[in-house]
Every structure is written in structure tokens, then in C-alpha cells.
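Paired with chain B in one complex and with chain C in the other, chain A is shared by the two complexes that follow.
Let's turn to the complex of A and B:
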């Protein structure tokens, strides 16, 4: 009855690593007759997209040798203030991303039926943080900002009409004009062709005569991980258009969704479970210490001591290395990220979007580059994604702020702290209970690895928006593995007993 | 044996996620097959393709709809994901009464549940393969099994005394049963006992429950307009 041992099986495919790419591949292979062994050298699912309890986060930080990852426990000592809960009450996403409702991922999760094991929630409002220009750095040199404020970014006629006094009547008309244009930008190429490779801000200023404060609103909607001066018109238009066109597709008011319980980590786990249900064997905590290619098979020496043979190996550069940390990198290459647990539910950030809209589980705050008076040569924007306790990532009356900036250490982490503090200063200044800083290394496309070995990038790009080309890469490798060029990718029937519409059947 | 009672006025119905745990080959899937389909397969292959089964369990005042999650083999190398334990209201931790090491493993799974699962989870410890034991050592309701005793092994194959496992279960506050997926003995009883042990307040999906509705309000239906799922969400009355 016991399944045959790992070593005696002729595996068709060994997948190393349970990051999003490999997990989606496992899902894609789950109805094939391939013999699949799926390994991860880590003791958790998700690799660079993992979600961690506080304790797991601490262990992960310790493993990141010679990097600038760190954790501060800032829980205040007062008796009756907000307190950090127990470690497992948290599920913190290492690589949080927004998934636009128009993303191909949504489509694939539905057609593959994987969505039945997932819960998705709506992102809510987008806010632009604007600093008051006259604030001075305090004595310690860190920028002090008492008087910044948040402006809700309008994305439709109602938003514009009901927006507060930050947009005057004449500007409201211009904002509407720009919104209408962007919804239809691909049919009006003649208007923006000349600005293609020029800054988007320049196009808005010159063509629509938008004042700088309103230009910032539209730049924020690009959710660009780079500086506004590098945000070209050709880059910005499709991104804002995607945002606007995504509104209402899965319900009123919202344009993007997030998986509950820790983001993409949850998608990884569901993909791997689908793989297991399809017969794949799962083994966490087992890496590959050596690979040998002989003829058309590859022999893998696992850190568990097993030696397995396979026709194909699918991995990424990190899952193939025996080192447990991220690839050693030039730290100037990485962007900086932080995760802050805040002792307040920050209700002001999560207003109901529109009538009939789901309760928003997240919000976005964009802080444009150059918000700090003391910023010098190389200003960088900060993107903040705030998740409420609805996401299941933290207990009630707390929330999580995921912060990201293209600036690398040492400037990056202090910029993130300043941005989080400035945001909290706008909303009653609740305490930060816990904070983790880590460098985020955007994954690069690996070069071809040779016969029988297929490589994915080791994680996500710096973009905080889910990139649909991930699915294209998964599909390419899936087709190579199954050798079928016509089969539909990630389209499955429900397994027996799994469809929910049997709700009222009597058994 | 656990057929839903039909007719009469509809009782409130709630969905309960139940997870299976236990060493490979102790009969986790067989117990569920017996409960859900009243079926048993000798020498069953390790579980493939059966991820999720549902079965209703009628109680006097309500109906519990079990969503039963199988490990899909991910327990073999301790590779169950957090999503497996998430929102589980009940767990069936199974061992084989002819294999003492499987009880040790079961204790490990109970500890894992206490670490990973929701604090209020109802855990039942189940010693399976009761058909392999001679009835004398099993004081509770083993008479029927004795009548079926046509196994080729004359000797009692039981290696885990009932009282050892029972003492452990009592100590940890677990429900305890010995079952035979093969004969069906005690199988329905396990699920009924679990259904009864789940506190009313824990039930999600209870029609009209405010907590359940609040939970749904942040949920986005991915397949909106794609299939009939939408109708299901809409009729939660």
C-alpha cells in the first residue's frame, strides 16, 4: 500500500521550489499523467512569495545572511495600549501584489477551478500623500512632517464630483477629460504619439494643461515602482487604463483584488495542493545538492539523502542553489521593503467605495518622490499597500502596512520608515507594534539551462501589480513538458465532489 | 448509513470544514469513503484525485454539511500547507490499532493541530482497523465485528490497547473512537459525535448568522457572471 520509494521511481518531472511560478505549473500539471516530485528546500511553501507568522519571519530574517533584513519589536510597554498578538495571528506577505480584475490570473484560477479554495477580497481607495512643503528636517536629520495630508485619487465621475476641495471646479472638468481620454487612449494614438518616450507628466501638463497637483494624482495611478521623471507616457497610459478598465468587472467600485490570508502565498499553496491531489509527491525541507545529467535523464542528489532520477527538472536559480538565502546580490540593485504592524484598524483609509461594493480589505497610498524637503540627489517614491484585518493577515483592530521603494539601503529603509510614520501622522498617529525591513531583489529572467532543465525567474519583479507574463512563462514550460501544443492551458473540470453547485443535492 | 434525512421542514444547515490527518495507510480515505459512499475498497492505492468530499450529517435541530479535506498525500513528508488547516472546525486524527507507531504519529498530528489550527477545533482521535482485533480487547460495541470475523488471521492483530489511546484522548480533550472502515463499525458515530461537539457559535455559513454575513461582505466572487456560483451567494437567506 505504501507508495514506492522516491529513489525507485522514474520521475517525469521534478519541480524544485514552491514559488508562484512552480506552483502554478504544479496546478497546470495536476491533471496530466506525469509522475511529479515537487520539492522545496524551505520548510514552508511559497519561496519569495511566502507568507509568514512573526516567528517564521524572524527565522527567515536570520537566514538572510549578509543582507540588511531586520526586525524591530516596538510593542509599547503601557498596560492598556494596543499589543502585538501571538505569532500565528499574523500572516505577513513577503511579496504583496495587487491583482487587477482584468488579469489573466483571475481567469486561470476560475477555469482551473482552483478558485474554489481561495478567497479574494477587494482593494479599496487609492490615496496620494502630499507633504506640506515647508516642513523642516528635525535635529536628528530625519525629515519631520507634521502637516502632510491624504487626497483620495478619483477614478470616475462620481469620485470627481464628490471629491473634496482639493480639486476646484475647473480642474474637475480637466480631470474628467483626462479620465475619458485614458479609457480610450488606444484609439487616440495621434494625441500622445509624440510623447511616447517622454515623461507622462509632461504630456499631462502640455496637452491637458493640468496643474502639478493633479498631475501627481494620475502619476500615482500608474503605481510605477520608479520615479515620475522615468515614467514615460507609453508606460503610463496602459497602466492607468488597466486600472480604470478593471473597475466593476468583478463587482462595483474596485479595480483590483488580493487573495485572503497572505496574498500570492495562498495561491502557491492551492496550486501545490492541486498538484498533490493529482498525484504529485510533495516534500518540503529538501533541496538539491547536486545534479548530474546522463543521456536524457537527470540525477538529483537531494539534501534529504535521496537520489532521484527524472526526465525533466523545473526550478529557479535560487531553488537550485544549496544556499538557503536569496541570491547574493549587489545591494544597490535591490529595492527596499518593509512590513509594519500597526495598532489600529485605520478606518479612515477604508471607506466603502460605492453602494453595493464589498468591504475593502486593502488601500493604497502613494507618496511621490521628492516629498521630503531633505531629499537630495536621488528622490524615490514610496508605495504603501495597507491590508486590514479582513485579509486575515493580522488580528482585529490592527492592520499591516507593506511599504516599498526603489531606493536601496541605507537610504531606502529610512525613507520607508519616514513614509509610514508620515502616513500614520495623518490618521491619529497609532503606534507601529512591529516592523521588518528587507531588501527585495527583483527577479531576472534566467538564461536557458539546457536539455531537460527549465528555469523560472526566482520570484517577482519590483512591480507591485501581478504581471500576467508569469502565466505565459508557466504555459511555455508546461507545453514543453506535456508536449501538447493544442491543449487548453489551466482549463479543468471540477473534481468529483468539489463543485459547490451540488449544494442542494441530497446524497 | 449517514444518509440525510429527507422530508420535514428544512432545518438550519451549516458547512463545517473537517480535515483528515494521520500516518499513511491507516485508512483515512477509507473512513471517509465509508462515511460518504458507504463503500470500502481493499488494498486501496494511496489517495489520488480525491481532495474534497461532502456529506451531510442530520442532527435533531440542524444539519451539518461536512466538507471533508483529504491530505492528498501531503502528510507523507510533513508537507501540509497552512491553507489545509485554515478554518477547519474539526479534525479526524486516525491511527491503526495494529500499529503502535501510528498512534505516536497521531499524537504528533494532534500537537500540530494545536499549533496550526483554530483554537476551538474539535479533534477526534480514531483507531481504525478494528476488524483486525478480536472483540475481547475492545469493550465498546465490538460485537458486530466479531460476527464478521472471517479474517484469515486467527490471532488478535491489535497492538494498541483501547485504554492506552482512550487515556491519551481524555487527557488532551479529544473525542475517541475505534472504527472499522471495512465493516463500517462506528464510522457514522464518529461523524455524528463531531457534529454534536461543534459549538453553535463556531458554525460558519449558518443561514442568517450575522458573523457569517459579515465574513462574506468582504469576499469577491471571482466567477461572477461566469457560472452559477453567483446564484448560490445570492440566495443565502
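Let's turn to the complex of A and C:
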């Protein structure tokens, strides 16, 4: 809370928007001697990476002013059975991205000491949804949604050897061979060079003689938003390798983590908190209505009525403008998303990973493209991330399904619903209590930002895995702002009193 | 510490010293004397003293997991449990100890101190409770093997448990064969990665129980006929040869084939040129031991 008004003040840096990019920048700047003002036109932190209660989600959807954004409250009126809890019992993540344990983000959060305020939880099993081939068309002639089953994707030798599915010994050996190859693929370029830009599926079929069902397992591990024919070998190999390499780094049995309490929103919160401790001034509910470049600085007219001056402005295309104007969008990219609250904890999706492994807080289900009977051209995969109540995002006995499919897919929202419903049909058909649909379309970054104005992308890409290049972008702008090319990025000492005498976790 | 002063102040001083250098074994002995004096004193219940000393050891064990003196002292402490505490309390301490060993082995499954210690703890608990724990220990090895197929310690421990397990179950000949088959199958699963040396060792153990000269008390199948031996060998050699279809660069496959050929020549015969081929593959894949393979060649008259 400030006693004085902001009007007519001068700043070294004004950051507009508290999305992940800007919040990581605030963390990076928290030990510098720059005078920082950090604004957000919303009344909440996080922008496109925010976490919402049910109420906040409803308000946000209204604000979107977009016909593809909607909410359905499906909570049944009968007395028995699962029901929707009160709005604040939920913290729905707009950014449920998983973070590989080998990701630079983990390293940066550790070296900057920000990890102390975050609780990371293990992501658990990965499943491939496999639709059964025979589907009877219903009375109107439309092919019915065939039933399917979930196959747990094996990622290491023990998984393969002891997998419950009916993969025969010969096939298990093939899978093992492929896993071994992928762990060492960068030393065996001669083997796959010829298939670099060819579909990965082709490489697996031709070189390893893998049958189609096993090819699907490996494609699923790429967690790619594109369909099989567009997933090249050069794209797939490093992604699967990263998955395999990440297993065991932070504990046995898991390869990725998620922050507790609402996905990347927590990381944004921690970044801003660090910024505030470092002396930055924070103002929510205040956007920028006009910018003027005068001499060596930028003058900002805020929606609060205050006028401030700054040497540097950091923003993204959405936070740069006030509420009313929509920045130009890249409609070919982007995804169709949904968030479903399920009236069951879906225990079948969260088996114990391995001896001594932590309780998994999330699971991944991949629905490969082309597995819907009603799909015609341009099939797209559907990616599902399921969060259990361990994440604090919902009450016990419920869970959240985050679904995503490329925006280019026709009838994206209904494709998502079909995928979620098909998944639930495999596991005793619990009810969906509440569902939200929304599009995510990345805004184009204008190339002519002007001197002293630094722009981030607005929101993350369609990839549901945290992209380390986000940190590169933050670092680039950070260096431009502090002007010191020798300093280490996000490497700090603990502040006085910050490092509690941590009782070492003995065992 | 001029005059022997056996008090809790001394204990604290000793603790500080040991935390810095646990290898100074004389100090551990001194600690034992202090503790014994405290046991004999009125007031301080031994259970609390022992519990807090066990607690004191834990961070030391984490920091120095291979220091013999810490393990010895811990075993001495738990031995004191048997002398100074009621049976129920004693059992409780030892049960918790099983839990502790389990956690340490989860942390570092290769620490042979850990496995040795586990055997010791289980033995003590079995004596105290007059109850066999062989079933749960067998289950434990299954868990550890499923966690990491290269866990040689778990496989070794398992091999030691099997004869006792079968005897306590009063296993019939059919049951014994069933277990043998299951163990062989498990190793075939493990050998989908034929570079796993531990799996080969365990497979060799299983095959060795087919030998006529194997000690009767440790047999898995007790009613073996020569026809059984022949059948098992043919089956396993066939299964191992299948692995060659996918791997041409793994020396362990050829080494095992050669070993079974040599050990069980009475029951299964392989054409000389095939054995010769295995040997030349070994020469190719393991040239460091070329003299050894040449020697084998002579012995087998190839």
C-alpha cells in the first residue's frame, strides 16, 4: 500500500503485466538497484498463466468477449453423488504445463533461492488412449464413439519388463532397443540422419520394425501437439530423450514436476513476491492507456489516471494496450482448451510409480490423432493433463482434467469433450461437474516496439511442456536492462534470515 | 575428561566429537561406557536413552553411510534393547529398525552394509518374536527387483531365501517346479536388456541348481530327473539364442551359452561349429580376454 500517489513519478523500469515472463524478470531484477514499478491491468496476478477460483473463472470468461469461451455448470441436483464444492475450493490453472526435471527452470529457481517458496509435486504415469477398432454406427448412421482402453507407457527397463499389458517378449525387446537407442541418439546420427525431416513413425517402422501399436507409444512420449505425420524424427528424438533423461533426477520414478496450487501461476506469484521484497512497487488493476516516447524516456498514461515516466518499459502485446483493444492474433497457431472438474479422484490413473517414489499429483493421457471415428481430414491429437486433489486445485474425491488440441482442428471444443468423455468411460464413468472452454491464441509481437520498449510474447506456446527458451528471452531482456554482461542470471545468495535452519530430510 | 565422568554432559561432548570424526573408534567405546553407567543409574529410563542415541546416529549414518563404527555402535545399542527392555518394547525398536533399513536401501540399494544389516535385523526380530519373516522378505526382494533390475544385492538375497521359503511352505514338488519356472520367466523379462549382468548371474544361479552335485538342502526342485535337466537346459538355451536375434553386440549372451554348454555337456549337446561360432563372437566382442577364450577353446577341444 502506498501513501503517495504514483502520479508524476520516474522509474528505471516499468513492467506491464504479471504473466510468467514478466514475473521471472521481476525475480531477476529483485537484487538490482533499479527502481521498478510492476503493473497489471487485471485484479489478479498471472495474466494468461493465472489460476482461478470458479468465480474468477466465470468473470474471466465474460471478459474474454469470445464466443469460443464458455462455462457449463453440470453439477447434478440430486442429493447423492459428487457435487461441485464452493468456488474457492478450486484453483484452476490456465497454465498446467509440466516442467521436466532437467529443465533450466528448476535450476534457475534453485540458484535464485526462489524454490524455497514453491512446492513441486511429481507428475505420474503417462497413458496412451487406444480406441478399439470395432465401432457400430448408431441408428442415425453416425459411427458411435468406440470404447477404448488406457495403456501405460513404459519409459524404462523395469516398466517394459514388468508391464501389465499383453506385449509379448519379442516386442518388449524391441521397445527396449528403441529406448536404449534414444538415450544415445546424439551419438548415433548416422542411423537416423536420413530420416531427419521424415515422420518419426516412418523411422521406427522401417529401422526398428516396430508394429503400429508400439510406434504410438513412442509418439505419445513426444507429447507433441501435432499429428503423427507432422512429427519429424528431428523433432521427436530430443523430446523423448529429454523425457528419459529426466527420470530419477529429483526422485525415483518421475520425469517431470508441477508446482502445487495452480500450475505456473505459483511461479508468477513467487517471482512478483521476490520483486516486491527487492523493492519493486506493485499495482494491480492498473493498465496502460497511452504511451508516448519523449526524449530518452517513455511516458505512460495509466488507466488509474496517473502519469509516470520510465527509462524502460517491459510488456507484452496484451499488457501494452488497455482492455478494449485486441492485439492482432496468429490464428493458425494456438490451441483449443478445456478445463473439466470430475467428480472422482480417478485412482486408476495414479498408480504408485515405484518403490520409494512420491505420490504422483498428475497424470498424462495422450489421445493420438485419428482415433475418433468421426474424424475426417486433418486429424489432431488431444493432450490431457490430469491433476489430482494433491495439487490443492480441487477438493478431495475430485480431480481436474486439462485438455488441449490444436486450434486448427475442426470443432476443437467438441473434440476435447469427446476425448474427456472417452477417457472417463474407460474408468467407471464418473460425472463431469463443471467445464470451461476457451481458446488460446498467441498474439503477434509487433516488430516496431520503439526504443526503451521490450516485448515478451503474451502467454506460452501450444506446447504443454515448459519451454526453456522462455528463460532465454527473460535473460536477454534482463541483460539489456541491467547492462552487465558478466553477471550470472538468476543466481542469488539467500537473503538474511531467509534460509531457515532446514531440518534435512533425513531419509 | 580427566576423571571418568559418566554423565549426560560427557555424552554431549562425545556427540560433538563424533559428529566431526566418526572414525575415531575409541570415542565410540567411551560412549558405550557412558551409556552403560547411565543405564545403571536411577531415574533415566533406558528406553529413552537408547531412543535418543539411535536418533543421534541417524544424521551421522546419512552423512557417513559406509562407516563401520557407526553400524557397530548401532547394533550394540539395539542389543542393549534386548537386555534392558521388556519384550514388547524391544520388538517395537527392532520393527522400527526394519523400517529404517528399508528407507536406507531405497536411498542406496547398492550399499552392502545396508543389506547385511537388514539380514542381521531380520534375524534378531525373528528370534525375539519366534516367528519366521521369510515370506515378507521374499516379497521385499520382489519389490526391489521390480524397482531396479540390476539390483544384484536383492537378487543375491532372494537366492538365499528361496530354499528356506520352499521348506517353510512345505512346498510340494509341483509348487517347487512352479516357483522355478516363475523365476526363470522373471529373468527372461529382465533379459530384454541383455546387458544387465545381474540378471545373468541370477540366471546362472537358477541353472546351477540343476547340477547333480548341488547341495541337497538348497535345491529348488528336489525330484529332478535327467530328462528334466535336459528339458530345462534345452528350453533356456533356446530362449537365450532368441535374444541373439535382436542383439549381436552383447558378449554376455555368448558367454552364458558357452558356460551352459561346458557345465551341462552331459545333458545337452550343441554342434561343435555352433559353439565355435560363439567363441569367435566372444573373441570379437571381448578382445581384452582373448587369452581366456583361447584357453576355453583348447579345453573344449574346438
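In this text, the second predicted complex is superposed on the first by the 460 of 507 C-alpha atoms of A that agree within 3 Å, B and C clash if a C-alpha of one lies under 4 Å from a C-alpha of the other, contacts with A are read in each partner's own complex, and residues count from 1 in each chain.
By our rule, a residue touches a chain if its C-beta (ideal position, glycine included) is under 8 Å from a C-beta of that chain, and two chains touch if they have at least 3 such contacts.
Just so it is clear, the structure is predicted and the values come from calculations on it, not from any experiment.
*Asks:* Is this a clash or a fit when chain B and chain C both end up on chain A?
*Replies:* Here the two partners, once superposed via chain A, fit next to each other without clashing.
*Asks:* Where does A:361 make contact in the superposed view: on chain B (first), on chain C (second), on both, or on neither?
*Replies:* It touches chain B, and chain C stays clear.
*Asks:* Does chain B (first) or chain C (second) touch A:296, or do both, or does neither?
*Replies:* Once the two structures are laid over each other on A, A:296 reaches no partner at all.
*Asks:* According to the stated criteria, A:119 is in contact with first (chain B), second (chain C), both, or neither; which is it?
*Replies:* Touch status of A:119: first partner only.
*Asks:* Tell me which partner touches more residues of chain A in the superposed arrangement, chain B or chain C.
*Replies:* B
*Asks:* Looking at A:190 after the superposition, I want to know if it touches chain B, chain C, both of them or none. Which is it: first, second, both, neither?
*Replies:* Touch status of A:190: no partner.
*Asks:* Quick check on the superposed pair: does A:161 touch chain B, chain C, both, or neither? Answer first, second, both or neither.
*Replies:* In the superposition, A:161 touches chain C alone.
*Asks:* Which of the two partners, first being chain B and second being chain C, lies in contact with A:80: first, second, both, or neither?
*Replies:* Neither: A:80 stays clear of chain B and chain C.
*Asks:* Under the stated touch criterion, which partner chain does A:266 make contact with: chain B (first), chain C (second), both, or neither?
*Replies:* First partner only, chain B.
*Asks:* Applying the document's definition of touch, where does A:282 land relative to chain B and chain C: first, second, both, or neither?
*Replies:* first
*Asks:* Please provide the least distance in Å between a C-alpha atom of chain B and a C-alpha atom of chain C in the combined superposition.
*Replies:* Scanning every C-alpha pair, the shortest chain B to chain C distance is 7 Å.
*Asks:* After overlaying the two complexes on chain A, where does the chain B footprint on chain A coincide with the chain C footprint?
*Replies:* Touching chain B and chain C on chain A: residues 506-507.
*Asks:* Could you pull out which chain A residues touch chain C in their complex?
*Replies:* Contact set of chain A toward chain C: 157-158, 160-162, 169-170, 172-177, 180, 252, 354-356, 504, 506-507.
*Asks:* Going by the contact rule set out above, which residues of chain A touch chain B in the complex?
*Replies:* So the residues of chain A touching chain B come out as 1-3, 45, 51, 88, 91, 106, 109-110, 115, 117-122, 250-251, 254, 257, 260-261, 266, 269-270, 272-274, 276-279, 281-286, 358-361, 390, 495-498, 500-503, 506-507.
*Asks:* Which of the residues in chain B come into contact with chain A in the complex?
*Replies:* Those in contact with chain A are residues 3-4, 6, 24-25, 36, 43-46, 48-56, 70-74, 76-79, 81-84, 86, 115-116, 217-224, 226-229, 232.
*Asks:* Touching residues of chain C toward chain A in the complex: what are they?
*Replies:* Residue positions touching the partner: 58-59, 62, 100, 103-104, 106-107, 143-144, 146-149, 188-190, 192-193, 196, 242-243, 246-247.
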